[in-house]
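Before anything else, here's the structure in question.
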Amino acid sequence: MTTNPHQTFIRDTADTDVEAIHEPIAREKAEPRDGYEPISIWLVFLFLALAGWGGWYLGAFSGDWNAMVYDERAQAGAAPAAEAKASDMLTLGRRAYVRCQACHQPTGQGLPGTYPPLAGSPYATGPAERAAAIVLNGLQGPLVIDGETFDNIMPAHRDLMTDLEIAAVLTYVRQSWGNDAPAVAPEDVARVRAATAERGAAWTAGELDQFALPEPEPAE
Amino acid sequence: MNRTALLYAGIIFTVIISSIGLVFIPEYQLFRLEPVEAADGNLYPQPRTEFEEAGRRVYIAMGCVYCHSQQVRPEHFGADIDRGWGTRRSVARDYLYDQPHQLGTMRTGPDLVNIGSRQSDDNWHYQHLYDPELTSPGSTMPKFPFLFEKRTLEPGREPPFNAIRMPPGVLAENEYLLPTTDAQQLVAYLKSMRHDYAVPEAQP
Amino acid sequence: MVLAVQDPSEGADPRQELRSRAEIDRSCQGPVTLFVASAVAWLLFGSLLAMAASIKLHSPGFLSHHAWLTFGRVRPAHLNTVIYGWAAMVGIAAMLWLQTRLSRVTLVFPRLLTAIAWLWNLAVAAGTVAILAGHGTGVEWIEFPVPVALALALLFGAVGLVSFYTFARRPPGHIYVTQWYLFGAILWFPYLYLMAQLMIHLGGATGVVQGSANWWFAHNVLGLFLTPIGVGAVYYLIPKVIGRPIHSYYLSLLGFWSLALFYNWAGTHHLVGGPLPAWLISVGIVGSVMMFIPVTAVAINHHLTMVGHFHMLRTSPTLRFVVFGGMSYTLVSFQGSLQALRGVNEISHFTHYTVAHAHLGVYAFYSMVMFGAVYYMLPRMTGREWSSARLIRIHFWGSALGIALYWGGLTWGGWLQGRMMNDAAIPFLDIVRFTIPFLWSRSFAGVLMTIGHVAFAVLVWRMLAGAREPARAPGPTLLGRPRGEREINPAEAQ
């Protein structure tokens, strides 16, 4: 019998005689034993049914055990099924608007004093080409909307978004939160992109107020 | 039951088999994955720069993963794509350079795997990290003031070029804010996160 | 007193049986009480971290000015202290004691085990400080830095060896079902932990395979480490307290081996919809659903053992905690099986629903069973009685109501949160605002549970320190008067 190294931990237990059987030990019941009731046959059926389901599930949804198959409904050997893609401009635009909402907010209201609103903003609902130009090159410096001045920097999105994405997001902005301006086509954006290709700087409010699309360079 | 050896063998066997099934076989299937060439001639995913990788370590040290996942679920499964968090589902190839992984299991905040393609403005990130409510009213993200250095402006001087532009009223008239190296690395990492290239197993 | 013992083992001298029990418990006394006391200290510290993390989720300004206390560090610090501090240490205590009692031999190497307990404390403390200082690994459930993790795996391996050696000295005979589960925990955990370190932190696996290894490990910490200890303890404590054999040996067999076979595979259900091959996810889902089999077997087995003795829940603290835990095991496992299905997971994934589920497992099941086990073990170790039935009641109701509110609030709120997240027309910040009342209910639930833990800690402290007990009648500390008896019958004890 090893002496207990932690005797001091239990200060009162001076009595180390192992035959000192204290009350909690004396009153407890026998160590547990097993009973031998049989398993219900219904339980066995249930478990077999579950195992059958598991086998079926693995057969049906494991993409032929191929690591390049991510869609569990893909049939073995078939080419990856083309997912149905959304194609209407408002849906595409709502998705692309995730890039804008960090500043302009999901409500299009912007943040007072910091980020200008898009709802009711003439820059959003005005000429489509001007709106596209803002997205492509960004906008910098003081800007007055509805009597409130905003002085901030909007980054250029020329290299971040495709013509389709810009057209879609502009269409969404121009037709949401009470705005009601015509849709924008990707071709419109492509034209602006080409015409402003040489321009590096962000626009300023002064430039935008007398916005006119530069003539495309004849040398294509 | 009193056959001890059988008991031990069964216990060890079951766990080893499962590690083979869930870890070793997938590793065998996926370790040969390589970047793919996109239409622009570049290989994707692109390795991170050292600066971005350092930012990833800040991301880990700050425990961002406990509120932000890094994965886009497929179209028609959840609304990840519909929310604009990505243009296609994420696949194994996108994570070739992730060590350790930060896939995440929680979205107290939005998914971040494409944050670089939807928010490219450093200044926005700095404002947001300094005080999330400046850019996202109602956000419950913690502030990270310890990633910034608040400095006092000498009278008559202009703040330096790299001072963070702040909405009026956040700082005192004679104060300006600089990002620490940690903050710059973190934002560089955030801006590097994008899964918007095409891969053979999932088209955008 | 001796006459109260009805020893059914044939031919055994009852007096000898008692002596052997006393001897066994004496041999366990040092290490087991130290493991329990340490576990309780980690439980209190873990509760503090939990409160801080919970409050931060609805009031992000709370303690937000130091990197050490940012949410992303406090939350993993909470998880790791309660898992590797509280749950593992109390589990080791229960494991050591149950193994000696069931093997009918004294514990070997108590000094070594005491040293292991101190080193374990040191490792958990070092790991927790590392997480708070920003050196956590950022991989859920394995945030401790690699050296700390390796130390813990090694220490646990040593505990396992001691447990094996203890077992090997036993007189030949039947191995009781509890022991099967204990061997499971002992053999499974070091393999899981070492393999996870190797595959994730030491470069064994690339990219998303780390995710698979991560959840293979993390789910199995619960499934193959805590669950076997918890279920094993229930298998011991229910028949022990009510004095009746386990209903069916065959169900025990079925329950154990189907758990060993299926629980292993469930982990990838944490990655449904993620960037892993379809087959890997499907395997995880099937493994999870198959858990219906062991859980149903165990639930039926425990229930049919208990039938006719439910009135004892009124009196016996141990039984009340253990049966609460056992029922929660059934609930959490059924919930988990359903939650793994793609259609359910599409909504519940990434929400507070999962957080509620995790706490139902680790707290309502495992921790409640361990509370019950401590209420049973410590009087045997010390020869003292629990000092206050009122404090036990406060503990039980604080914990039980706390976890019920916690689970209810976050399950409901998380489900709605998931449905809103899957509707892209609802702005994300609206969802954040929507969840805040549910997060408040979590903090309130946390206060209730913490009150329970403080009561528990006071009881354990008084018992171990031998603080003067309030004047009380001799005999066990019961929660109420047994049915139909004027005097408390010692045989209905704890």
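Letters are used for the chains, namely A, B and C, taken in the order the chains are written, and counting of residues starts over at 1 for each.
Here is the rule we go by: a contact is a pair of C-beta atoms (placed from the backbone, for glycine too) under 8 Å apart; a residue touches a chain by one contact, two chains touch by 3 or more.
Only a predicted model underlies this, so the values are computations on that prediction, with no experimental measurement involved.
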- Any chance you could check whether A-C or A-B wins on number of contacting C-beta pairs? A-C
- Query: Which chain's centre, taken as the mean of its Cα atoms, is farthest from the centre of chain A?
  - Reply: C
- Please report how many Å separate the Cα centroid of chain B from that of chain C, as a whole number. 32
- Query: Distance-wise, how many Å sit between the C-alpha centres of chain A and chain C, to the nearest whole number?
  - Reply: 35
- Query: Which integer distance in Å separates the CA centroid of chain A from that of chain B?
  - Reply: 12
- If you look at chain C, which of its residues touch at least two other chains? 174, 275-277, 283, 342, 424, 428-429
- Note on the structure: Among chain A residues, those touching two or more other chains are 67-71, 94-95
- Query: At which residue positions does chain B touch at least two other chains?
  - Reply: 26, 29-30, 74, 82-84, 89, 91-92, 136-137
- Query: Any idea which chain C residues touch chain A in the complex?
  - Reply: 1-2, 4-9, 17-19, 21-23, 25-27, 29-31, 33-34, 101-102, 104, 106, 108, 110-111, 114, 174, 176-178, 235-236, 239-243, 245-252, 254, 258, 275-279, 281-283, 285-286, 289-290, 292-293, 296-297, 300, 304-305, 342, 379-385, 424, 427-430, 464-466, 474-476, 490-491, 493-494
- Message: Considering only the defined contacts, which chain B positions touch chain A in the complex?
- Response: 26, 29-30, 74-76, 81-85, 89, 91-92, 117-121, 123-124, 128, 134-137, 165, 167-169, 200-203
- Query: Can you name the residues of chain A that touch chain C in the complex?
  - Reply: 1-2, 4-7, 9-13, 16, 18-39, 43, 46-47, 50-51, 53-54, 57-58, 61-72, 74, 94-95, 101, 106-107
- Query: Can you name the residues of chain A that touch chain B in the complex?
  - Reply: 67-71, 80, 82-85, 91, 94-99, 102-103, 111, 113-114, 152-153, 155, 157, 160
- Message: Residue numbers of chain B touching chain C in their complex, please.
- Response: 1-2, 4, 7-8, 10-12, 14-19, 21-23, 26-27, 29-31, 33, 59-67, 69, 71, 73-74, 77-79, 82-84, 89-92, 94-103, 105-110, 132, 136-146
